[in-house]
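Here chain A shows up in two complexes: once beside chain B, once beside chain C.
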Partner chain A sequence: MKTRQIVIGLISMAVFFVIFVIPFILVLLTASKTPAEAASVDFTLPERWVFWENLVETVQTRDYQLLLAYWNSSVITVGAIVGLVIFGAMVGYVLQRRDTKLTRGLFFMVLAGLMIPPAVVPTIWLLQGINLFKTLHGMVLIQIAYGLGFTVLLYRSFIATIPRDLDEAAIIDGGTPLQIFFRVILPLLKPVTVTIIVVQAIGIFNDFTHPLYYLPGAENVTVQLTLYNFQSQFVSQINLLFMNILLITIPPLLVFIFFNRQIVAGMTSGAVKG
Partner chain B sequence: MQRRSPYPYWFLLPAGTIFFVLFLVPTIASFYFSLTYWDPFEARFAGFENYVQFFSEPYLARGVMNTLIFALLTSGLKTVLGLLLAVLLTSGMLGQGLMRSVVFFPVLVSTIGVGLLFQELMHPTEGAINVALSWVGIDGPGWLTNPSLALFSVALVDVWRGVGLATLIYIAGLATISPDYYEAARIDGATRIQQFWRVTVPLVRPATTTVVILSLIGGLRLFDLIWAMTRGGPGFSSDVLASTIYKQYQAGFWGLSTAGNVILFLVIAVVILPLSLWFNRKEVDL
Partner chain C sequence: MADVVLTDLRKSFGGLEVIKGVDLHIESGEFCVFVGPSGCGKSTLLRMISGLEDVSSGRIEIGGKDVTRAEPKDRGIAMVFQSYALYPHLTVRENIGFGLSLARRPKAEIKEKVDAVARTLQLEDYLDRKPKALSGGQRQRVAIGRSIVRDPSVFLFDEPLSNLDAALRAQMRIELTDLHAKLGTTMIYVTHDQVEAMTMADKIVVLNGGRIEQVGAPMELYDRPATPFVAGFIGSPKMNLLEGEAARKMGAREVYGIRPEHLVLSEGDGRWAGTVRHVERLGADTIVHLESREVGPLLARVEGHREFRLGQEVTASPAEGRAVLF
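Moving on, here comes the complex of A and B:
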């Protein structure tokens, strides 16, 4: 490494630190302060560290709403991911292996689905009609519907790299379509499946807009909605608001640490091919 | 007897049913409902009344305009900054792996959390940004309280939050450019700046396509960040289509809200379709 690269690196790191790291440090500091001290978000260290007290108080707010929210968000995320992986892989598989007018038309619809904004009020009207409005399973189905485009796209291009000889060998051995898919194909999709799970889980866990529309009601609160609900309550308690931000950032942070490579793979898919 | 395909169409049924019922049906229904006076109790046919209202009421028309401004501004900044950061972070300098992670992390953090955080940081008197500016003698503006500034402040935060994704996509794109091109350019005596414009920019085009289109769609549809930071305020100065749709829904004007949804759909289609055709044609030309 040349001196120049070291100098540029040091300058860049200083700039990056100010722009991208200090905001998160402020969250941590403010979440450790007393309400009076936190009233102005500034760069001082807390005079008295009350991190643990703030944590307990935030969790207990509104009758442990945060814990309920964590539970609800987990149910929605896990349910939607299971559906997306199995159903999405089945669609990507058939769309890639069969080239007909029907599959081409459907693939076009998948792409259109990535672009079209969901029609929210008609969706609410429809969910009310089939008794899925304000229900967790309704929310799971919505997240599957909205996540299919990305999932099918990734599976379809990955399946193109799996040789057809494998399917044909399994067909000759007398496997049924379901057996071939679940025993031969699905296990081979593991790398792209991990990518899809990680990227979609973060997206669904962080989703604010759709639960706001389709899942109102205190008993249905999701993690992102807690912030929104607490905002009015914590108006003079910025320390607790920031503690809440901190607490709901932990899952994405863990995923980021352990699955960095898969996230990068998923988020940059398409960058090379266009 | 016809041999049955090992790739049966019924594999498409579970996903297809969910997609059809929960996505396509409401989308198609939205075209009808946008032509009605619709509230929680009834829907009466109204012709194009809702659309007329959308473009004649200043507070609604403002949302359409702001949506375009916001999307173009954030998409442009993310594209330019993303490419520059990607070049910087592949130059082999000290700590570039660490910096890649740092610039990307905000992409994964809750948007509402980011919005509320910056709402505090941008407080006119007590926010950290203006406190820091006062140290160097600058009297910081009311980032979110000044009506002519609020939309741009939110746009800046959106760039802060999303530039990491653009950078990441560009880094992946840069990795596909063969070093031979740069070597040939150097032998021909090209300067670094010439290499950037004549080699990097044309050859990284697939990544540019992805970044521009993704960030435009995201910018046109953005709701959560604006809602967390300003709720469209002060007044209606930072309202965009997505926040108008939510406000009209809450106020019980379902028909008007749905018309906003259809307008958003049309805006996205009008912006994105020609653009992606243009990008694809250019790629063939190269």
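Moving on, here comes the complex of A and C:
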């Protein structure tokens, strides 16, 4: 029994290493190479370590575009997350607590929002119509729209585990609906909220396609789009490309490390009524 | 201090009528208990008084004011829930002061009031704990504290003791009665446990199927039940109820009722002959289950040390003037 556990442990560690750690090491090594050496993308130690030089050059490329991209991506991510958490929790709360024909219809539309693939061209047309195309706040709204279905679904099922007695106690205590939501319900949603923040923040921060469609323009660049800087038909600066990958991986990685514990708690806490 | 007047109160859920016309006057300062079997509409009636459930038709007055359509917070009521409904993310202090803080009262005032309530309920040592870290009895006290701090004119309790063990329940019954004596506020208390009703109430309201069966003081209901339902519901062990031919023989029109303690058992002649089926020793009393050939099963309560054997032939006779006839 004991040896079997050890063997299984070793195997899973090996799998983990191959899937998660090796690619990361490859990125790290390549980012430390000179252009000539990096061109052949292989798993060797660099002959000359130029990590710092590469880092500086990557950051300075195109007049510090990477920093602008960090800023833009952060604005979009923070804006969209705030909107998603507040609206997602509010909608989930109402959909769960009021069981009427109307809310059932609305819930179906939420589900439909998850199932029906988004149509890019009409969305652009709509954004242009309301002057939100090529704007950061337009992008924030797009990200909220894309994430809302999943968020509402998660919040709704979690709110079902919060006893209705608490709402009623707060009503008796003289709470208005908004007070009850912000002072009783929302604090109790913390585990799911953390999960949603992490999952959505990483998704939105790392989003490549949606900013590509809806947010063209050099001043609107987001982190994933900076990867284009080092890859063109004629010259590819693989070492800088990998340095860029490394740099834009760091924020999501930090978020993950920081919230790791709470995510697991959030995913399981709805399962068993405490 | 306020009285509560219900006039022809009705409530339907969809097509189903759950409260079928309730008229009731609860005096100011009274401890009134709603009792009845599960599903008879006690909680619904209480929630209508609290304003959590709206009224289909009829009228609710609290302290002479029509509050039928008023918001719960404007009715001068406070409610204690069966599940306690404490806010899990707040400390005991914040739980008790929550209503005041919602009303944006100054911090000093909240602290003062919460401290006063905590002193009354001996909760001072737990003020900084979360509800999770409290025992059932302590949670119960916090829930009561939260209602006291609102200084309501009517307290509403929905089966507040049903999650406690027997010993604690007995203790909390006394604490609640003391609290009522101290505050002198009108209290409406819902339970399905007739012992709680008998021990705590000034006035018992027996509900059955959405209607009031009888209203009265505990001993009034015990001695003079108005209907066979009340006779069977109030008192433990249950009253013996005979129907049909057996009841008519005893001079009743439909049902003849006799309490177990009013049945006299003897070896000699008596009204009904029967066999001892089962003997329950409670210490001070002994409950004897008889199987009578004439009227079926009978319960008798006798003095604790009397000896009975299973299968023994005995006779049971009703004590003079103690029977209830319907």
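The rule is simple: the second predicted complex is superposed on the first by the 238 of 274 C-alpha atoms of A that agree within 3 Å, B and C clash if a C-alpha of one lies under 4 Å from a C-alpha of the other, contacts with A are read in each partner's own complex, and residues count from 1 in each chain.
As a convention for this text, a contact is a pair of C-beta atoms (placed from the backbone, for glycine too) under 8 Å apart; a residue touches a chain by one contact, two chains touch by 3 or more.
Source: prediction; values computed, not measured.
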- prompt: Touching A:187 in the superposition: chain B (first), chain C (second), both, neither?
  reply: second
Message: Quick one: is A:133 in contact with chain B, with chain C, with both, or with neither? Answer first, second, both or neither.
response: neither
Task: Determine, under the contact definition given at the top, whether A:93 touches first (chain B), second (chain C), both, or neither.
output: first
Chain B versus chain C as contact partner of A:141, first or second or both or neither: first
- request: Look at A:171 in the shared chain and tell me whether it touches chain B only, chain C only, both, or neither; answer first, second, both or neither.
  value: both
- request: Have a look at where A:163 lands relative to chain B and chain C in the superposition and call it first, second, both or neither.
  value: second
- prompt: Is A:179 in contact with chain B, with chain C, with both, or with neither (first, second, both, neither)?
  reply: second
Message: Going by the contact definition given at the top, which residues of chain A touch chain B in one complex and chain C in the other?
response: 171
Field: Complex interface listing, chain A residues touching chain C
entry: 163, 165-166, 168-175, 179, 183-184, 187-188, 190
Query: Can you name the residues of chain B that touch chain A in the complex?
result: 5-9, 11-12, 14-16, 18-19, 21-27, 29-30, 33, 38, 88, 91-96, 98-99, 101-103, 105-113, 116-118, 120-121, 123, 126-128, 131-132, 160, 165, 168-173, 176, 205-207, 209-211, 217, 221, 223-224, 227-228, 242, 245-246, 249, 254, 257-258, 261-262, 264-265, 268-269, 272, 279-280, 283
- line: Counting only contacts in the complex, chain C reaches chain A at residues 50, 52, 72-73, 77-79, 81, 83, 85-89, 98-99, 102-103, 146, 150
Query: Which of the residues in chain A end up touching chain B in this complex?
result: 1, 5-6, 8-10, 12-13, 16-17, 19-24, 26-27, 30, 39-43, 83, 86-88, 90-91, 93-95, 97-98, 102, 106, 109, 113-123, 125-127, 130, 141-142, 144-146, 148, 152, 167, 171, 177, 180-181, 202, 206, 208-209, 212-213, 223-224, 227-228, 231, 238, 241-242, 245, 248-249, 252-253, 255-256, 260, 263-264, 267-268, 270-274
